[in-house]
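Can you keep this structure in mind? I'll have questions shortly.
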Amino acid sequence: VIDECTHHCGLFGVYNNPRAAELTFLGLYSLQHRGEEAAGIVSGDGRQLYQHVGLGLVSDVFNRANLDRLVGRQSIGHVRYSTTGSSVLKNAQPFLANFSLGTIAVAHNGNLIDVRRRKDDLENKGSIFQTGMDSELIMHLIARSYGNSIEERIEQALQQIKGAFCFLFLTPDKMIAVRDPYGIRPLCLGKLGDSTIISSETAALNLAGAEYVRDIEPGEMVTISKNGVTSANPFPKKKHSFCIFELIYFAKPDSRVFTRNVYMTRKALGHQLAREAPCDADMVIPVPDSANYAAIGYAQEAGIPLELGIIRNHYIGRTFIQPSQFIREFGVKVKLAAVHELIKGKRLCLIEDSIVRGTTTRTKIHELRKAGAKEIHMRISSQPIRFPCFYGIDFCSEEELIANKMSVEQIRDYLELDSLVYLSYDGMMEAAAGEGPPSFCSACFNGNYPITVSAGANKYILEQ
Amino acid sequence: VIDECTHHCGLFGVYNNPRAAELTFLGLYSLQHRGEEAAGIVSGDGRQLYQHVGLGLVSDVFNRANLDRLVGRQSIGHVRYSTTGSSVLKNAQPFLANFSLGTIAVAHNGNLIDVRRRKDDLENKGSIFQTGMDSELIMHLIARSYGNSIEERIEQALQQIKGAFCFLFLTPDKMIAVRDPYGIRPLCLGKLGDSTIISSETAALNLAGAEYVRDIEPGEMVTISKNGVTSANPFPKKKHSFCIFELIYFAKPDSRVFTRNVYMTRKALGHQLAREAPCDADMVIPVPDSANYAAIGYAQEAGIPLELGIIRNHYIGRTFIQPSQFIREFGVKVKLAAVHELIKGKRLCLIEDSIVRGTTTRTKIHELRKAGAKEIHMRISSQPIRFPCFYGIDFCSEEELIANKMSVEQIRDYLELDSLVYLSYDGMMEAAAGEGPPSFCSACFNGNYPITVSAGANKYILEQ
Amino acid sequence: VIDECTHHCGLFGVYNNPRAAELTFLGLYSLQHRGEEAAGIVSGDGRQLYQHVGLGLVSDVFNRANLDRLVGRQSIGHVRYSTTGSSVLKNAQPFLANFSLGTIAVAHNGNLIDVRRRKDDLENKGSIFQTGMDSELIMHLIARSYGNSIEERIEQALQQIKGAFCFLFLTPDKMIAVRDPYGIRPLCLGKLGDSTIISSETAALNLAGAEYVRDIEPGEMVTISKNGVTSANPFPKKKHSFCIFELIYFAKPDSRVFTRNVYMTRKALGHQLAREAPCDADMVIPVPDSANYAAIGYAQEAGIPLELGIIRNHYIGRTFIQPSQFIREFGVKVKLAAVHELIKGKRLCLIEDSIVRGTTTRTKIHELRKAGAKEIHMRISSQPIRFPCFYGIDFCSEEELIANKMSVEQIRDYLELDSLVYLSYDGMMEAAAGEGPPSFCSACFNGNYPITVSAGANKYILEQ
Amino acid sequence: VIDECTHHCGLFGVYNNPRAAELTFLGLYSLQHRGEEAAGIVSGDGRQLYQHVGLGLVSDVFNRANLDRLVGRQSIGHVRYSTTGSSVLKNAQPFLANFSLGTIAVAHNGNLIDVRRRKDDLENKGSIFQTGMDSELIMHLIARSYGNSIEERIEQALQQIKGAFCFLFLTPDKMIAVRDPYGIRPLCLGKLGDSTIISSETAALNLAGAEYVRDIEPGEMVTISKNGVTSANPFPKKKHSFCIFELIYFAKPDSRVFTRNVYMTRKALGHQLAREAPCDADMVIPVPDSANYAAIGYAQEAGIPLELGIIRNHYIGRTFIQPSQFIREFGVKVKLAAVHELIKGKRLCLIEDSIVRGTTTRTKIHELRKAGAKEIHMRISSQPIRFPCFYGIDFCSEEELIANKMSVEQIRDYLELDSLVYLSYDGMMEAAAGEGPPSFCSACFNGNYPITVSAGANKYILEQ
């Protein structure tokens, strides 16, 4: 059963560039928000693969010396958010292994389901597992598949798994990108001169100076080799289920995911929120930085002045090892500071994109009260998060989700707000979809899980 | 002569608190923007002083173990921006020394002038110098002064120096804070229960949970001891010359300096800028984050929508050791990314608080053009920086100041802008002053240096 | 084919002790000479296994914090000498994996042969390999074996491999030690109260305060569990082939290996050397420290005074990163310094246990000449090393072995010695054997390899 | 008063060599035994001085990059044994300062007395002290002296101090070496082509490839400049008082100090010990490594076989951070291991050069008993250490000296020895002196301190 937090990740790949590893480093740098705890690159020079992985931020893991050792014209990279632990380096990706057709590396964004059952099967057939990664599972399936080409093997292997996934494979001379048939996680294709680029988000293409070509389609497998870029569709067709939370919160505002720009989508959510849930306030203040864009939309629609009245401390990082309880209690204050002179005696309309546990939000609101706010109203640019995600966004356990345990009114009470309104489900879906028809996975809001699991595996997403 | 960049710094002190060092750590954390290259704390327990200094951010330098060794109920701390060099640890503050009255530590924010001449005098009398710090100079002057109390000694020593300074002294049982008679750098007094706090900015008081009491007055020397807080005015009165650049750019937006809130002042500068220099544009976009608040003022006054269309990468830090020329050229792009979908085909009014060298700004504008902006107009919420600062803000050499070499029209050309307007001198002074009469140092804008130096020392600020 | 240097290693295991991991740390500390480049411990608490491995010396890899996380009453540890490389951490042991019967860890001392062929077989059956270690191979064979007990699986797996090996396995509740039927590498069993200890050498038992019980027999598999210590002999009997080089050079002088004390054996070799190869000299000087004991034997037998005239620098370590060619040339001098006043004008009888490449020896002799030695005679307490070892001692490539390319007379010339005599083969075998009959592997001296390989795999040790 | 442990140190200097800093690095490497806790080098290129100091071993502190920054043809270096503490880096040498004649660096080996009084004087004249080093004191005295040349200033300064000292000064273009008129610590002059070398011991000359020229004479001040090497004698003549402990224990066996080779002197002490204190034993065993040479002398004189039956672990280093009490108790065993098979049932004559506290010795003897020794006799190649050293050897406090509290018979009891004999005073003095007349400081043995202090400063060495 799925009992852990799922993890989010980012992928970046380069084919046919003399500085493949350096470009991959840059791409990962731009995707850092998708995973801050481990980073890795595998490069290939036609004959061999070279690997460097490490714990920490991209800029901690890589330096001139180890980038120089990642020779070759192709390269794939990975950033990972993961739970800590003594053996966590083992779980850094890309994963590298030898099998009967040679050497191969794989990086994964997403989360497979029914993994335990698949591993049991393989162990009973004599396989050993050294890590906890889905990437190791997929490699075993590839190694046990038939066919003389790596493409055939990957196809067979993927047909045996279930879940949300984007995989990026690298052999010494080929790069292969695959996206699950539901299209849950984003993956796109870019071009930089003669080089082909694969990335989780378009922001990384921009940074690398590459041009966006198109999204990898749901269910598509793209093979990049000396013979150019070829495409296959090895999976049965499924209803598209794009993760709406990528647009609401997770992706970078300067990215386009699922063909929608994130900034503009968040603004549209803000506009819709203002139409649905007006507020009699002196100013609109976003919780920085993710809610900034919804707040702009809200303020513009409502005609209330936008103020950036909560200041974020840019020095907060992993190095803030809190020295004692005495200092821990300063946690939120250290991260966010209110501008007292601005807020004092004012009625605030606070914009947030989502509330997960609510504890941090409560402290923020308390600080605003202490700074002298007269009224504090809160507007949320999405629905309450009531259900866990099994497809690659880490919400920790459902018990911790405040909306799983409380009604909106109870949340308002708990947060000591003058009013609290969430965006409606339909409003959210339409604003996120823009011109197109809504085709999102919104399981975390309504429990409609697009991918089912075997009986007994999970109370939420049982196969009927 | 003064031939180096001056440095900016931050000070924080606590008197009579069982967790003095931890509070000082928090205070420095909040003042981190005033100096990112070295940090230090000296604490005192009535009998002895304890020191820990190091290179790097506050969170790099301090940990549970070394904070625990900083025992005692009083503590002073320092953050420093400094030029790099092999022996730079020597120059970390607070500076600690023994002299005839015992042990004393001192931390300094500002910049003394005529230092070389003073050091020559002292060396000729048999003093030795181990560091390049003004703090060491002041300690020598104290050691060579007369009087049986440390207060008398400090007074005598300070009467021999010239320049912009805030000093924070700590003996095993007293804390003494001094601000130069011009009041160039900010320094304020706070209260946390029975504890007395001294800080460069009020934001650090807020973070520590302390209450703002009042500014240390220009020319005031405040002594905090078992006998309470006493005040003296050892200097001849001077015309106040508050550094206007603290309000325009340097201080934290949630701070109050020179009794003015920084956020509100920047907004006022933006309002004034909109009145003086309107712009026919589709949106107002700040260069993040320091120009955000002027942009809000501008947008509100002009009635043009504000958009946060340039996204700042929060992972940029000291760890970004650029691995090669190839990657260096991505520098600015890595820091700031434009939202293409927002900007494309639009007329932008870009708000910035100041332009120092212009090279980075040029690259930013180039990126916005590439992202499809139709027109780019720029409005600056201060006057052109034409002259070096000798009082504690690092602009590097004057040769590097773009406005020292070019007219506004030439700068517009160089930056490839459709239009460029700076805020007027009077507009700037009045908006910064608010209700009160303008009493700022604006030497970096107009060359009127409030403190002169001996003949031959400097071409700009000669004594008549 | 075997194309790399083989590696030496050390093993230590503890069963049923509340401080199993700490004792293992101590044991590894004592076995540090068997492998300086990586160290690791896996502990078990009846339900689960815990792992910590790292690059460097035992004292670098382990600290209070990570030892504390290695909970449980059983533990196995490994030290490894290995070639460097970017992914070398992967190759640190004990190796840990899950398979159908649960979790298991394995540590290995020795070197398997025909490994490439075995891996090809397994890859063709669908296995993947993530490391270059023999331990991973053995784990695959275990995972693919049949039987419901781990003991049965291990037996089956071991019957499929060839080579020199001591394996130490740990499951959450059992420890299993196996020694190859030739007995090439040493392994012994000890007792500390109710705890059972396994170690490569007895010196580690002494350090841990444990009592030596007996050697694990060649071909023996010892299982330690709640049910006590049981023994099996899963292999066909083979002629014993104890690595004579363990006694000559490799093991610690305070250890007993193959039931022979190393110090006493080296002394016996020295005595025999003096009988065979007398020397008209003023003093006997060992090349420190490994030849000290043979030199004592030689001096006592010959009645010539022993002098420790070459001083070893105890600060030489891995940290001596040679800063330039200029400093590199001081290499040997930095390690060993001659006492000029002792040597000047004297006839020296230099004792060494073996010469591998000869380059370092040459420099040493040159230094002694410069220090004024009148005559330099050299006596070697073993035969010339002419052949590579495939069973776990790293001599690097055979091309580098001086005795592979040169006659003794040529070596004498190259080393610029007045005389050079090696110990005779029979003398060496008898002195090493002591009371018992010689049953050593001496393949590195005479090319008689006890374990053969498949045709084509190696020019030296082909199967007939 | 002198209330701390004194520290030992080592000095090395190079004048006129294109690789001055690298040679100094090598020299310090060879002098590492004189101070393991901090190291530093200052170089000069005729115009400026360059400094790098750090905590740790020479090989930890220096690397290619920082050696490369130490440009210039002259260089002085220092190794230091010191007590730990948070601000200990401050106390790393060479000490560097500016004064009226320019920049100067100084490194010191020895220990000044009456320091507190001298510092009080200077503080009363307006000096400040930033460190606890004697080097800072001497710099103040130089800065306050008169005369236009640095030589005159140094002479005046040195005439004001008392104690054991060797100083090595470096200005941008001169190197000056001074030895106190008693000659307590060693200092010698060497030659390497056109370069002049200064070193605490000759072993460092050998390593650097330099030739020993002569000792710096007691009371001599040698100035090395473009004008060559000149010599002065600025002090009143004193009776020579060479530290006999340098010969007995402290210096490297391959060094010559006070014109006596250390190895040969220790052997002579051993010969004398055998003549005075014969022993009915089966073997002579040294406590390694410092007592090895006395043991050789003893064994040769006594005609008893020498055995190196206690094996030293070469991996012991600063990195052995003992993880718990459990492991701490293994302390001595980890360092030294007995060869059981050699010792069992035997009568041992253990040779040691000195006993300081006795606790470690006791544990060693206990181990030998456990290993089966029948009788254990101990012979010490010096007199009992009864008094503290104020001249630069760290014995910690006198309360810890076992011979300060116990008679020889009580020590024998405490150590559980069958017999214990120390070398006689006269035997020690004569064996150490060799051909020449004894002119040693033996204050640690008999309390006859050659340099007295002002009344009240110390109970042992009061001025009459």
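For reference, chains read A, B, C and D in written order, and residue numbers begin at 1 within each chain.
In this section, a contact is a pair of C-beta atoms (placed from the backbone, for glycine too) under 8 Å apart; a residue touches a chain by one contact, two chains touch by 3 or more.
From a predicted model like this one, the values you see are computed outputs, not experimental measurements.
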| item | value |
| --- | --- |
| Intersection of the contact lists for chain C and chain D | none |
| Chain at maximum distance from chain B, centres defined as averaged CA atoms | C |
| Separation of chain B from chain D, taking each centre as the mean of its C-alpha atoms, in whole Å | 49 |
| Where chain A and chain D are represented by their mean Cα positions, the distance between them in whole Å | 62 |
| Distance between the centres, which are taken as Cα means, of chain B and chain A, whole angstrom | 38 |
| Chain contact graph, described as a line, ring, star, complete graph or other shape | ring |
| Which pairs of chains touch, using the document's own definition | A-B, A-C, B-D, C-D |
| In the complex, chain C residues that touch chain D | 19, 22, 25-26, 29-30, 32-33, 57-60, 62-64, 67, 203, 206-207, 209, 252-254, 256, 261, 263-264, 289, 292-293, 296, 300, 305-309, 311, 313-315, 317, 319-321, 323-324, 326-327, 330, 333-334, 337-342 |
| Residues on chain D engaged by chain B in the complex (per definition of touch) | 50-52, 66, 69, 86-87, 89, 96-100, 119-120, 123-130, 139-140, 143-144 |
